[in-house]
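Structures given as structure tokens follow.
Shared between the two complexes below is chain A, which pairs with chain B and chain C, respectively.
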Partner chain A sequence: MRVVIPDEFKIRFRYPARALGLLGAVLMIVSIFLPWAYGHDALDDMTFWGAPSPLQLFFVVLPVLLGLLLAIPLVGKQRLGALARMVAWNTTAKTAALASLVVVVIATASIAIELGGLVNVDPGAWVALLGGLVAAGSTPFLPDSPEPTLDRLKSPAWVQILGIVAVMAAALFLAAQALSYNDAGSFITFAALLVGLVLVLRQFGVFDWLRVAGRSNNRVLVLSAFVVAFLFPFTQDGKDANMSIAAQVLIFASAALGLNIVVGLAGLLDLGYIAFLGAGAFTAAVLSESAYSHVNWHPPFIVTVIIAGTVSSVLGLIIGAPTLRVSGDYLAIVTLGFGEIFRLTMINLDGNDGPYVTNGSNGISNIPDLNFFGFDFGKAHTILGVDIGRFANYYWLMLLVIGLVILVFTNLNHSRIGRGWVAIREDELAAEAMGVNTFALKLLAFAGGAFLAGVAGAVKAHHDVSVTPDQYVFLESAFLLAAVVLGGMGTVMGVLIGATILKLLPEKLRFFSDYRLLLFGLLLVVMMRFRPEGMIAEERRQLEFHAEDEELAEEVQEELALYHDHLHPERGSFEL
Partner chain B sequence: MELFFQQLINGLSLGALYALIAVGYTVVYGIVQLINFAHGEIFMIGAFGAFATWTIMGRPTGSPVATSLLFILPVMLIGGVVASVAVAVAMERFAYRPLRNAPRLAPLISAIGVSVFLQELVRLFFGRIPGMPDAKSDLAFPSISGISGASVQMGGVLIRASAIFTIGALVLCTVFLWIFVDRTKTGRAMVATSQDADTARLMGINVDRVIVSAFAVGAVLAAVAGVAQGLTVGNIGFRMGFLAGLKAFTAAVLGGIGNIYGAVVGGLVLGVAEALASNYLGTTAWKDVWAFILLILVLVFRPQGLLGAKVVDRA
Partner chain C sequence: MLEVKDLVVAYGRIQAVKGISFTVEQGQVVTMLGTNGAGKSTTLRTISGLLTPVSGEIWFEGKRLDGVPPHKIVERGIAQSPEGRRLFRQMTVEENLRLGAYTRKDTAGVKEDIDRVYDMFEVLGERRNEKAGLFSGGEQQMLAIGRALMSRPKLLMLDEPSMGLSPIMTQKVMATIADLQSQGTTILLVEQNAQAALSLADRGYVLEVGRITFSDTGKALLGDDRVRKAYLGAD
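Take a look at the complex of A and B:
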């Protein structure tokens, strides 16, 4: 599969390769001043001479980076000093060249598809394509860079804080930009561009640096992330379309984070998790002032939330207490059966087959919007001159909920309880022998995860306006599980990204909505086959999935050593 | 009393269906300790394979009873079996074999993926096969003269021909399964592998082949069940595998997972229990609930199942 270029070739051709790579970069940079498309309707109108469209301007970042990566080493090792060894110049350039080519190909294909044929692709795109091909074809002949030194990860505290804030601001800007594209072509092109950029920056060391910076300035990282998330509605200028998606993403993500405690930390496969979300939603719906609820007690929402969480966790205890003793695969099927029991029960509590509680398969609709001390969630408010609509209100509320979930998650993860869960996950018998109370801890994971889902469900009921049993089918549990698996079991960041991808992509790429589930099934299989630890892997988890990989074990060890040395220089070198 | 016997017959016919599917779960679990979550889809594909065969044959309807039973139905069964076995073998090869030494969570998640994938594959692409109708909604299963709609009256009890077919198929399959497991080399290799895969390998058994044959055996029975379901209910759809698979798994656990005859017993017990419960405990709307509650009760009080196969705890 992989074509390996012999080292002697790389030595012999290193000068022509660099020259051609630079030529490719220049061609791509020049191309944005030429028209790419014949018609106005493709992407964001790339028909002008000398006036690049926003998408073209974003694109040019990649070739500019490529050019810099190729040009700066020409200065010479001596003059670069320490910088020479701090960046993997050539290797990063290879990634940048490949990423540029992929983005150009996608853009060209979108133009051809949206305008109906390659005839509509104008010279600019061809120049860019040529540049991309030249760059991607020549850079592999550059010699590989040596592993960059770890010095690049060290920096003064104020630089770290500024860097974190800058990265967060950039993330907000790029997210808002990505969401502003409503046609599939522009969205895919921009998404490919972002992925390429992330890959280049990762190789550049930006994310390693960010991780080190984040560990020593944890509060700044968390705080700035929340401020950025809080500011997001202001970038949408009162438009509800994206805020609705964002609120859904947060609801989905908070449930996925709850599931992550059960699956990712404790290693218990729960296939009926959606039932806990449903239990919370139905509890909130029944206690709401909806005309379809025959319960005449309407407590304030804060009480409802606690009741919803409690109902869910009690259900978790009821299902968990008997079944957690039989370990392993049985649990998966029992929880699956429980999910079905829940759904069928909700359908049957319609007054005919059982007492009237849930209005059967029609569910409870017309659930009123929340109202906190006169702040009506259903109405738009104007804050600092920006309209904040209904979905933005729920978005903020969910941000609060998800903050709570993350707080619980990370604190548990780093506590005695969290270590107990990990021990159970890795080897239950050994954990028990070491004195871990496996049953109690598993039950806690189950009930705790259920509580968080119940809370999320209570908000979801008001956000969705109606609650019906068919929103809580097995497939939804599978989606939650997929978010956890895709992102990376046991990580917060991974699950957030996984949830965002799974909710956002179907909304933005409606043309493939019919194939959504097909691809989803395939994704699960392929993920398990090639990257079972998820996109963002927890180090320990990665080792579990690749037990025989000695190299990986060493890598993880080195990384641990690096953090240790950086955080506690006074304690001397790290040894295992 | 008549009602009781009527429900008993209904339950046995339903249970025979569960039993046919449950064998597939139990055989695979016994050998690779994997809950083949996508086995319900193999059952569904068996039904669609039979349907496709019938369509290719030119949709014969209203043929004489003898032609129907001696020619059309057997050919449909073969078509269903071929489709099921092909899909099951491919599934084992591409989704499960690469994960054989992975942590236990991995193949289970992969199985969920396969299950969703196969459902969607049938929903989206069955209609694109030349000559096949669109499968996005339920399809009417062909009626076979002599089975569809026919019934026998015994006292006050009505026995439908499809029930006789299902129960008969279960009896035949069990006999064949017994011969296969007890009398053939492959069958005994399967038993040996399920007892101790490593030792079996040392004795010269090709474990990979045994695993494939376990998937194939399960698929054969699932395909028969698919046809039986089509004949009983009268229509098939891409979603039919989910609930049936879940119930069949319950049956397998009920009988003692890993024990082939346990699956048969478990299926019959579950079917009868479900039929009786829906009659005596609340309305029929609750019957699936009872089935799953039974599953939970069995796991709590008798996790080794009715026939008590030795269950090794492999958490």
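Take a look at the complex of A and C:
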């Protein structure tokens, strides 16, 4: 339940609320010049007077924003001009205050946990906590502002492009910063800070503005996103651990995007999708020069990739052709079984129980690194004085693959085929009656998704060095599905974010990895309750999930209008 | 144009249609009348290829139609507005119409036909970018008919277009069908609302538990005592 503060309170207390909010902001800003922790080992050493640590400096962005949001409206509506109406000043301040408080609480808790007790929390943190409480306690009494309309702000093209580039650069810088934290406390504090910042900016209307800017400068947006992704290894300077995570995220994400075609576009629930990734990986492993592969044909990698994709999609056709006539739950069960059959088959192709192909449960190891025209993926290179390690090489290769996957995905989505898929997802019988060849399209979704997974699997084989059947268990299918559902079915951006979260969190938070199933389960339940369309909503999906709300809203609106007309017939008809 | 011979359709062991024969001639409106479970919708679905007959033959323009997959049947020129309308509720009016034209590749022609549907049903044109699910039952029926017309069918099959509509809306829908009839569209109409459906019909068939019990011209059936008793509530 939300605590609702009556509007009359908001009017009566608006001046004290603003003053207290400002006081809270000032307290938090001052606090970073005080020590927060007694010992050096907590977070990034917050023991100094007058010299804030990097985390404290990052943190102060939130209270500074809070202060600005509260102070700027004081100059008066006339001087602000159009901005007075375009920005939701008060509502954004409420978000900023709450976000600051949450970050302070997390930081304080981390200090207490890492140093063994609240006694190790120094005055600075208490001042910050007090400031956070004052701000978060007072700002809800500010009157609500209307929704931000920053997207209506007309800006010249160069401003838009500059905005996009600035956001991309900030994203790169912050991502690199987040990855540089290796202890759990710092990482969580920083992550909370980022989430808070994103929420504040969203409330401010920055993302609405960016969406408009992105729409009119689509090429710039896509290009700068890829440039930023390309530059990422340069921020890591040979830190292999982070680059390995990044490469794994990309492999995982491209498989998730393939699954997104099947689940998100065509609406077919596939619970054995990991088998297609596995089929690609095993194909590449068998065709590699590993000593455990008894196949003596080693085609160039580009050929291997195509074969791996083809093998996967043929498997997709074999499993799809008989089962796609059933739908819904039945399809889910059949695909679940197929995933298991794949794993067991790979175990049995060991020379004893079946022909020797995969070396059984030991799998194929010692898969050599890729080598493109003398460029050895296994060796570190130095570019512009920055060490580019083995994993960075694979990261770049995967970037190429994922670019291809995104290209395929968006083109399909906007084609006649894509429209057919969406029709099938919404009402298969009606789609059939309209002349959509439902069976062929479903089969195409299955085979296409499998092909993309096979391609990703081929790179994964070389990246991982070894391929074993136990990497391709049901749990992995579930994780891929979770990435799609969590991020937002049918979207590219959402699935990329979902995949990043699902891969990154367990790597960065070691203690978390023991409970990751529990926590991801909880996360999914919470998401389904509060935001079933995923973090990034596909426009149409959002309606699917909230159609009832919309109908309800219409009813309420109609009733209001009737009521109004009844009370004040002289004022003419009512409009919202 | 359409000829159905000794058609038998079954769901598992239960026969829903037990050997019916009828014809629809070019430019005619043919009404099929019957209570729930008489086999009307089953017959339409079988013609559309959504169900496979146990035995019997369906001929359309001199070619066999049974056994042809549904999307090919739409291409051959038969469109169905299914029972319960079955619109794509989350898609806009325009997207629904575009899906009706899914089998067509002439973009310009599709555009023209969409405008034609908007001319025919003004409310659809005014609210073309709204989701179909937000429309009233009558408006949704208009959209369902419009969507079926988008494939430029030679034969339009309408499955209970008056179902769930108010009497006024039913009148509007029937008037629309009469309009289509005067433009020369061949229509196979399945209805429970006998009065309205028979007065439009060049020919009517009465179905009872999977068999055709009467067939005659629409006017003659309207005057038939047995039909009046069973379907028009006369004493």
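Keep in mind that, in the parts below, the second predicted complex is superposed on the first by the 541 of 576 C-alpha atoms of A that agree within 3 Å, B and C clash if a C-alpha of one lies under 4 Å from a C-alpha of the other, contacts with A are read in each partner's own complex, and residues count from 1 in each chain.
Heads up, the rule we're going with is that a contact is a pair of C-beta atoms (placed from the backbone, for glycine too) under 8 Å apart; a residue touches a chain by one contact, two chains touch by 3 or more.
What you see is a predicted model; the values in this text were computed from it and never measured.
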item	value
Which of chain B and chain C A:Val303 touches, first, second, both or neither	neither
Partner chain in contact with A:Leu118 - chain B first, chain C second, else both or neither	neither
Which of chain B and chain C A:Ala166 touches, first, second, both or neither	neither
Greater chain A contact set [chain C / chain B]	B
Partner chain in contact with A:Leu231 - chain B first, chain C second, else both or neither	neither
First, second, both or neither for A:Leu522, with chain B first and chain C second	first
Intersection of chain A interface sets (partners chain B, chain C)	429, 544
Footprint of chain B on chain A - complex, ascending	263, 267, 269, 271, 319, 322-323, 325-330, 332-334, 336-338, 340-341, 344-345, 347-348, 352-354, 428-429, 474-475, 478, 481, 485, 514-515, 517-518, 520-525, 527-529, 532, 544-545
Residues on chain A engaged by chain C in the complex (per definition of touch)	416, 419-420, 422-423, 426-427, 429-439, 540, 543-544, 547, 550-551, 554
In the complex with chain A, residue positions of chain B that touch it	33-35, 94-95, 98-99, 102-110, 112-121, 124, 242-243, 246, 249-250, 253, 282-283, 285-286, 288-289, 292-293, 295-296, 299-300, 303, 313-315
Residues of chain C defined as touching chain A within the complex	48, 50, 69-71, 73-75, 79-80, 82, 86-91, 95, 98-100, 102-103, 131, 133-134, 147, 151
